[in-house]
Structures are given as C-alpha cells and as structure tokens.
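Inspection log for the structure reproduced underneath, given as structure tokens.
Letters A, B, C, D and E name the chains as they come in the text, with residue numbers starting at 1 for each one.
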Amino acid sequence: MKRLLWAAAATVLVLGLWQALVSLAGLPPFILPGPGRVATALWKNRVLIADNAGVTILEVLLGLVLGTLVGAATAIGLAASASARALMRPILVFSQAIPVFALAPILTLWLGYGIGSKVVMAVLIIFFPVASSFLDGLLTTPQGYLDLARCMGARPGATLWRIRVPAALPSLASGLRLAAVYAPIGAVIGEWVGASRGLGYLMLLANGRAKIDLMFASLIVLAAFTIILHALIDFLATRLQSDAN
Amino acid sequence: MTAPAVRVAGRGEVDGAPLFGPLDIVLPGGQWTCLLGPSGVGKSTVLRLIADLPTGVSFLGTISAEDGMPLKGRVGYMAQSDLLLPWLDVTGNVELGARLRHERPDAARAAALVERVGLGPRARRRPRTLSGGERQRAALARTLMEDRPIVLLDEPFSALDAGNRAAMQETAAELLAGRTVLLVTHDPAEAARLGHHILVMTASGVIPAEPPALPPIRPFDDPGTLACQARLLTLLRRAA
Amino acid sequence: ADKLTLILDWFVNPDHGPIVIAQEKGYFADQGLDVEVVAPADPADPPKMVAAGRADLGITYQPQLHLQVAEGLPLKRVGTLVATPLNCLLVREDGPIRSIADLKGKKVGYSVAGVEEAMIGALLKRAGLTIDDVEMVNVNFSLSPALMAGQVDAVIGAYRNFELNQMNIEGVPGRCFYVEEEGLPTYDELIYAANAETMDKEKIARFLAATEKATQFIVNHPEESWTIFAGTSPELDDELNARAWKDTIARFAPSPAGLDAGRYARFEAFLNEAGLVEGIRPVNDLAIDVGAQ
Amino acid sequence: MKRLLWAAAATVLVLGLWQALVSLAGLPPFILPGPGRVATALWKNRVLIADNAGVTILEVLLGLVLGTLVGAATAIGLAASASARALMRPILVFSQAIPVFALAPILTLWLGYGIGSKVVMAVLIIFFPVASSFLDGLLTTPQGYLDLARCMGARPGATLWRIRVPAALPSLASGLRLAAVYAPIGAVIGEWVGASRGLGYLMLLANGRAKIDLMFASLIVLAAFTIILHALIDFLATRLQSDAN
Amino acid sequence: MTAPAVRVAGRGEVDGAPLFGPLDIVLPGGQWTCLLGPSGVGKSTVLRLIADLPTGVSFLGTISAEDGMPLKGRVGYMAQSDLLLPWLDVTGNVELGARLRHERPDAARAAALVERVGLGPRARRRPRTLSGGERQRAALARTLMEDRPIVLLDEPFSALDAGNRAAMQETAAELLAGRTVLLVTHDPAEAARLGHHILVMTASGVIPAEPPALPPIRPFDDPGTLACQARLLTLLRRAA
C-alpha cells in the first residue's frame, strides 16, 4: 500500500518535472511534447498501441524466460569447470561489448523478420547479467556446505544440484532484477533492427512520420510495462532470496 | 559396526614454513579424544586432514585406521556452524546424505533420529525458525543418520549457551557412544567432562593431559572434573 | 500462385504507393503472384537480404546500388519505383540560406547513408565552394527536427515529398534545393534490386507489370488511390501522408521495368570521380531490363 | 601471466568459432566477413580507425568518471533519506526503462553534436548500475558499526563518510564492473544518434557504404577496448574490495 | 571520573508479547556485574537498552544513573565481534571515536593505550592481519580511549581460545578497574572469575547468584571459583 502511494508520488513528480521542462525550457513539441499532448495521443491511438504493446510484451516474456534459462545453464556449465571459466569469462565480456545491431543482419538472415529475432535479441541482452550473477553465486558456495557434501560421499552432480545451485539462488535473483530492466530494451532494439509490429517498431514509425507525441506515448507505455515487470520480478526475487536464507 | 582406532603421524607446512609437528596422535577405537590448543595451532587442520577435506596446509605423513582399511566413507563430520541447508526442513537436512549419494533415504530411521534428538514436533520446520540449540541438535541427527564409525567434531557446541551446551554434550555423548570420536574444543570444562583422552596441541607438539578419574560423561560439579579443567587451563595459558 | 518476397527500404509510406495499390487491387494476384511485403528498420538491410537469397526483391537507392555492387554484393537493379531524385538540400524558408553559396561556414546535417559527402561536394563545387567550407553533422534519426530547432542550417537527405510537407505542418516552412538542378547527375531514387545470380526474370517481369498497372491507376485516380492507400492501416491516414501522396504521384516510374542505361553509366562515373567506387563497372553489371532477351 | 594465457586461448577460440561460422554456415562476406578479411580491413584502415577510436575512448572515459561520480553522489543522497529513497527508486527504474534514443534529440538540442551528448549518454547508461549497487551497499552497513558510532556520539555526517561509505566500497566496485561493460555501448549509441566522429559513427558509415569488413573491424576494436577497460576496472575494483575487508 | 551505579527497572515486549521482566537490576558503581542466562532471554537487549542502541524490543520502564545525571555520553560498548573497521589500522581504529565527533584525536594517548594492550609493534597493521586475540585487544584499547565511566561488554571474550581468553580477562579487569561494568557472558567460569556481582536472567526474572569469596580477578584454580562455576551451571541448566 505504502509503496503504491510512493509510486504515485513519483509519477506525479515525473509528470511535473516533464511539464516544467517543456514549459520553462520552451521545448517545441517536435522535440518533446508535454504530458497533455502525449496523453491525448495515447488515448487516440489506444488500439494501435495496445496491439503493438501485446507483441512487445510477448517478446519480452519469452526473452526473459529463455534468457534466464540460457544464462542459468551457462553459469552452471561454467561453475562445473575452472578451465571453462577462465576461457569463457573474456568471451562473456566480449559478447557484451558487441553492439547487437551488428548482429542484426545475421539474426534476421537466420530467423527472418518474425518474433524470433526479437526474442533472441532480448535473450542476448539479459543473458549476461543473469549468467554472471548466478556464476558469482555458484562460485561462492559456503565452504562448510561443500565439506559436508564431501564427507557424505556426494556425487559431483548431486553437490551441484542439491547444494551449490540452491545456495546461489539469491545471486540469481539479483541478476533477474537487472534482467527485468534490460529485457524490454532488448526487445525494442530487436524491433528497431527489423520488425513490422511492436512498441519499438511503433516508436520508429512515429518518429519517422514526425508523430513525436505518438512516439512518446509508446515510450510511456513501454516504461510503465518495464516498471511493472521490475516490480513483479522483484517480488519473485525476494521470495527466492528469503527461501535460501 | 566396529569403531577402529585412527592414527595421524607427520607434520604440516604452510607455504613451506612448518605449522605443526612432527606429531603422532592416536585416537583410540570406540572412545572420545578431546583436542585442545591455542587458536591457529592447527587443530581444525588435523581434523580436516582426517576427514580428507581441503586445507591450506600440506601434510607430510600418514593418516590411517588401525584396522588397515581405508578411512574413506567411514568418517562423519560436524562443525561449529550447524551447516544446515536453509532451503530444506529438518527431515530434509537429515536425509541429505542419502540424496547426495543418489540413494533412497530411509525415512523411518530419519524420523526416529529426529525424534531421538527431541525435534519430533519440529521435523517440518526450516532451520531459520529454530533456536541455536535446536539447530545443533538437527545437525547431530544428520551426523547420526550417516552412521559412521569415526566421528569428527569441530567445536560443535561452542555457539550454544551454557545450559544448552551442557544438554547437548550429554545427548551427543550418549548417541555417539562406542564410536571413535575426535572432539576439537576451546573449552577446558568440555574436555574435562567428555574426554576418555585429552590432548593439548601446541606449536612444539602434542601433550597428553591426564583425564579425570571418573568415566565420561562426568558431572560438571565433580571435583576431579573441575581440577582437570583448571590443569588444562594452566597448560593452555602456557601455550598461548 | 508463385510466392514472391519483397523487402521495402523502410516502413510503408506513400513512396510505396504502387506496391500497396497493386496488392489491394489484386494486380499481383492477376499475375499469379502471392507477394509478401516486409518492412525493415535499417535501409541497409534489404540489399543484404536479397544478396543472401533471403528475399526475391529489395527496394534500395540507386546511389547505394553502385556502392554495393562495387563491394561485391551480387545485386542488379531490375526495376524502378521512383524515377527521379527525392533527395533535396532542405533549408528554412525564413533562414539566411538563399542560395547554395550562402552555406559557407554553416552546418549541414545528414543521415548516414554513405554518399552524402559526395553529393554535397558536387553541389558546393558548382557554387564555388568545397566540402571544407561547411561543417558536416550526422543527425541520424532527426533530419527535420534538427533543422527546425536551428541546430543545423541545412540538411541533405531529406525527401522533397515528405520532410518539406512535415515542416509546413509544424509551422516552420522549408525550402528545397533540388539536387539534380544543382549539379548532381540525375538518378532513380528508389529501385528494385534482385540477386544477380539467382533471380527469376519471368516472375520479376510479372511483378513489374502489376506495379506498372497500379502506377497507371494512381495517376488516373489520385483521390481514389489515396483512399485505398490510407484505408490499409489507420496510422497511414493523416495529413502528412495525404500531402506526400499528392507530391509523389508524378514521381512514380510510369514504366517500372524500363532501363535508362545512360543514367547508370553517368552516376557510376560520378561516384568514381568522387572516390567512392574503384574502377568503373559496365551498366550491364549494375542494372538490366528483365524484358530484354 | 596465467590470465593472459587464458585470454589468448579465448581469443583463438573466438576467432576459430567465427571462421567456422563463416565457412560452415556459408555466410556471405556482406553479412559476416571472416576474420582474415576483417584483419585486412583493420590494417588498411588503421589510421582512420585509430582516429575514431580515440574519440570514442575519450567519450567513454569521461562518461565513466562522470557517471561514477553522479551515481555515487545519488546513492549517498538516497542513503541519507528513506523518503527520498521511496520516491526515487521507481524513478530510477523508470529512467532505465526509457530507451536513450528517445532522449537523444533532446540531448543534442541542448548539448549539440559534440562530445557532450555522447558523454551524457554514457553517463545515463552507467549511472543506474553504479547508483543501485552502491546504494545497496550503503543500506547494508553492518549494524555493529552503526551501534559503535552511536555509542561514540558520532555526528550523522561522520557516520556516513567514515563508516557507511567505506563499508560500501565493495558494492560500488561491483557496480563499476558492470559500468565498464556498458559505458562503451552508451557512447556508441550516442554516436549513432548524431556524431561525425567515433567508432559508432564509423560503423554507421561503413554500413552505409556497404563496407561490412570495415564495420566489423571497428566493432572488433570497440570490443577489444571494452575488454581492456573491463580488465582495468576489475583490477581497481578488486583492490577496492580487498581494502574494505 | 566517578563511576555511578546504573538501575534498569521495567519489562520488555516483542510485538506485544512479554519477553522479559518485570525486572529491577542495579549495577553497583565502580564494580563488575556479570549477567548470565539462556540464549534469547534478553541479555543483549538489556545491555543495548542501557547503551541507547536500537532493539526490536519495546521497553516499558526506566534506565537511569543513580547520580541523577543522564547516561548519554557516559557509556562505552564492546561486543563479541571486535567491530574493528577493516580499512583503518589499529591506531586509526583507536582514534575513531574522536574523528566521528569531529574532534582532534589525542595521538599520544592513543599510542600509549595501544602500547598498554601490547599492540605497540602492531599499531600500523590492518585488523585482517591480526590474530583474534590481538583484534580483541585493539577493540579494548578503543573502548578505553573513549574513557567512559560506564562500560558495557557483550560477550567480548567468547570468540577467543581458552588461553587468550584468560589473558584478556585479566587485561580488561585491570584496565577497567573502578568503572561500572556490565559483562554479558555465556561462560560460568568467566562470571565466577570476574564478577563482583553475578546475575542469572531467566524468562521469569533475574536471580542474583552468590559470587566466590575472593575478590576479583580470581585465580581459575581457586576452589571457591570452581564451586561458584558449578553452581552457576546448575542454575543455567535449570533455566534452559
């Protein structure tokens, strides 16, 4: 309840700052339209925006699920072998250093212009925070747990799955919190790279057609979705963390 | 189950510098040996070497059971921190060993042991909802579940308050009777109460100390026990 | 029906009129074609996808085609969509730039496509200036906002049928210097490119025939064709597109398959002189008439 | 030494995978040129690339320094007040949810097309990881330290600067590690949005001119820089962490 | 510096449920009072209430110095974990209080105190390079530097090994002589050795226990001390 109140206060604050920026800095509407104009555009284009938002939300959720799975699997794979780790760490950093737009033609070549390439883009973006936080967690299993497992004559796989993985879930949770913020950006970038639907597509289209108010309306919807997603994941992540403590 | 004697003979080095020894310790079969000594002298290291756990120390020497059979798979271990997995309930923790070995846990035995350490009504509770004494009892049940003839205890009671500690000492002594037990402790009163044999480890070697005349577990107000405790403290102050 | 995939240069807009009308009026179906239209966000993508065999046809720009072929992409122009330049040097109507020569010491914005420096160089040369007399600024997404907000004094790469109308609607009217009038060899703004090695000429000929018919329909029925176009999608139906539609009709190639070989030879020579392509390729390597045997 | 060897192995592995991808998947050079072609382009255009890389590196370093300062200052400000925190947390998430490209026209309007807008873009991207990790650290000062300060009659400012801030440096370090990976991406996006120099611009130009090998050469240089930056920051961060432990 | 007596009278509640009390404890001025009791009974809470530190417990009652002056600024505090700041060296930690109050630290006094606890040669070392006993001595020097007439000790020696613990007890007893000291401990031997007064806290109230006849600090092998220790253990076992 209190959180909601604060969130409402934050919304009012942002809207106020926005309006002040527009009025005081005298920004023309083709650079930054005021909240009123954007709200009008949002209402007038509600069907269009809702249609496209649906596509983006689907991409983000698929990307989040797949990215978490791939990231978690990578972390587990790397946790199992020190050499793989030494070899793959620079590659992981490298994979983040490549702007995804360079990969876009390759992805569209393989996956076409459908939802596939956007999901992969979201996966590429959230893969790294998930994998690296989870790996950090897997590599810092309390020594006592490992001692215990060894004394009990544990099979290596059992130690991993029954001890190291559950003990690392809180770290996975903090990776997920980041991922929740980045996944929508990934999907939108994927849409910029080639799409015929989705909020990112709508933004580009609106920008190209000089409908800046529609662009900001799409942006606001995207931001609102990101915040809700973040709150949901935060809720889940907190449960994950308290479970392992 | 016959509990063999265990012998540790050799010396330990850290980064090429000697840490302890040469020493030659025998843990007599089926009895409790208490190991005391200043912090950092290598008590936990010796215990971990017997359990074949990683240490930062290189050990030159032999560790063997006197019956000539390998130690592997015959050693149980319990530490100061209870090492209960927070995401499993008491029963889950007690059955952990079997699951880690991909075996089917003996649920009836687990339940009996949980009952035996007085946690019957708490069997389905998570560790974080238990008191320190209850957690340490759950850890004891888990150690018993493994049913190993040799049991290594590294300050298992030191985080408990005095009342709980005395109670746990009695429970453990009773349930681990007949096994070869090595108890590392800082508390001279504990060693004086529980040890069939008492060893004081110092940088220069391991000195056996005279245990009280009564057999363990000894009452804490027995004059022999109190005298032994004072003797041990004198030894330890000299070693510190 | 035979399937044919076409990748546009960008989102659907009035420049794609003949394609939309042919689709809506069933001219493709009449030719036994089932055309799938894909809109990319990066105009550099369609030629790559066509060269990689991912699509039968892609819309690109004649100047870019020369660069792409020179870099070894297996592409050929097989048809023309818009047969005049749309590109113009856009300035504010109320601004100080009355002629190209007034650009001396000013900022010129552009959106990177690869050839703008050569183009502006040609325009300046005729006015007695060189590229060093102006400051070139890449403004990527926001050509007209940058001009309207006064961040730059002129932009190159704006479309005369689009940005000009946009500025009018925003109340900051602009003026266009038509590049072909200011010293640049004229060229086809939008062309259809196909894979040089794997193209199916017969199918492409049918496609072009359908768009030719659509172009004629647009020219003959400007109002009705606009209604059809605007009806395909609600976000297309606005004032800007209505104005752009009117201004674009005269620029659609009336004979999409027809090839003016001289145009391609002259532009190739121009780019070679500007140092953007090495050597000079024969027109036959750049463009063909799919109807010719 | 050993790390260098592993990094070399990783490089060889990446190059091998890349070549295999090109050869086996039969990717044409205008989609993904092989390592050989890219190396040739790199060598032929070394002066051009070095010039542009210099610009980008300057932007990244400035962005990193400023972003760290702004992020750290924000975290300290928020740590001081629970209401500010409740109010600002959603705004922080919101600020991450807005694709920076939407802000680009506004930024360029104010800051022009020079280095300023790119630095601000890098700052915007790294601000969040730095501020949120550091804030996490500031909010989890061991209670014992705070008890001690209270018994000693500490002034509030002194508790913050002499206890909470140093105790949170390890958290700041983990934020910095992320920032090192994201800062170059921020600068490159800034360049895409409007610039006439820099590696991001060079990529756009090469793409426009269908010189895909030059585009990938610029990309490789950017990635190499990111990896080196990450290694440097990692080194600094590790010292920061060991100092506070 | 005169060390006043301190009186704590009232009861504690957690979430509306009674936790301890009503109780009425007096810590006589200038003397050591030892507080024993089972874990979770509220010993640390009482101590933190006197120190005006946050607790999860709501206290209904009064805490006052018998000289009528406010307690604020007259209370020193030392806990089980040494709470040395890892990024400061020993001297830096000892001088911390002054810096936190924006005062200029008295460097000469700090150096003398560091010397006094036997850390002269370690004055420039970081805490992580010190042994547990050395760290606890540094924390003691810091507490002495604050020079408060009332000193609250929450299990300050419990992490030390037996030898170090005995040594630290003696150092602390000597250096804190003449102050009003409250020592919370789990170790009956420690209470029997150090306390002018000994209190056992249970859920139902606080019971004073008879201290040994000798004045503190008492030898650990004194029969009176050992007897008192056994008595305390009996009391505690009953309370647990």
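As a convention for this text, a residue touches a chain if its C-beta (ideal position, glycine included) is under 8 Å from a C-beta of that chain, and two chains touch if they have at least 3 such contacts.
No experiment lies behind these values; they were computed from the predicted model shown.
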If you check the contacts of chain B and chain D, which chains show up for both?
A, E
Maximum number of contact pairs occurs between chains A-D
I need the rotation angle between the copies chain A and chain D from a CA superposition, between 0 and 180°, in steps of 5.
180
Could you please state the distance in Å, as a whole number, between where the Cα atoms of chain A are centred and where those of chain E are centred?
51
CA centre of chain A versus CA centre of chain D: separation in Å?
17
Distance in whole angstrom between the CA centres of chain C and chain D is 38
Distance between the CA centroids of chain A and chain B (whole Å) is 49
Which parts of chain C, given as residue numbers and ranges, touch two or more other chains?
42, 48, 52, 141-142, 145, 149
Multi-chain touching residues of chain A, meaning two or more other chains, are 31, 101, 105, 109, 192
Interchain contacts, given as pairs of chains that touch:
A-B, A-C, A-D, B-E, C-D, D-E
Can you list the chain E residues touching chain D in their complex?
48, 51-54, 73, 75-77, 79, 81, 83, 85-87, 96-97, 99-102, 128, 146
How about chain E: which of its residues touch chain B in the complex?
36-40, 131-133, 160-167, 186-189, 220-221, 226-227, 229-234, 236-240
Chain C residues touching chain A - in the complex, by the definition given at the top:
10-11, 13, 38-42, 45, 48-49, 52, 54, 141-142, 144-145, 148-149, 166, 169-170, 234-235, 238, 240-241
Report the residues of chain D in contact with chain E in the complex, numbered from low to high.
142, 144-145, 147-155, 158-159, 162-163, 166-167, 169, 243-245
Per the touch rule, the chain A residues reaching chain D in their complex are 2-3, 6-7, 9-11, 13-14, 27, 31-32, 86-91, 93-94, 96-99, 101-102, 105-106, 109, 128-129, 178, 181-182, 184-185, 188-189, 192, 200, 203, 215-216, 219, 222-223, 225-227, 230
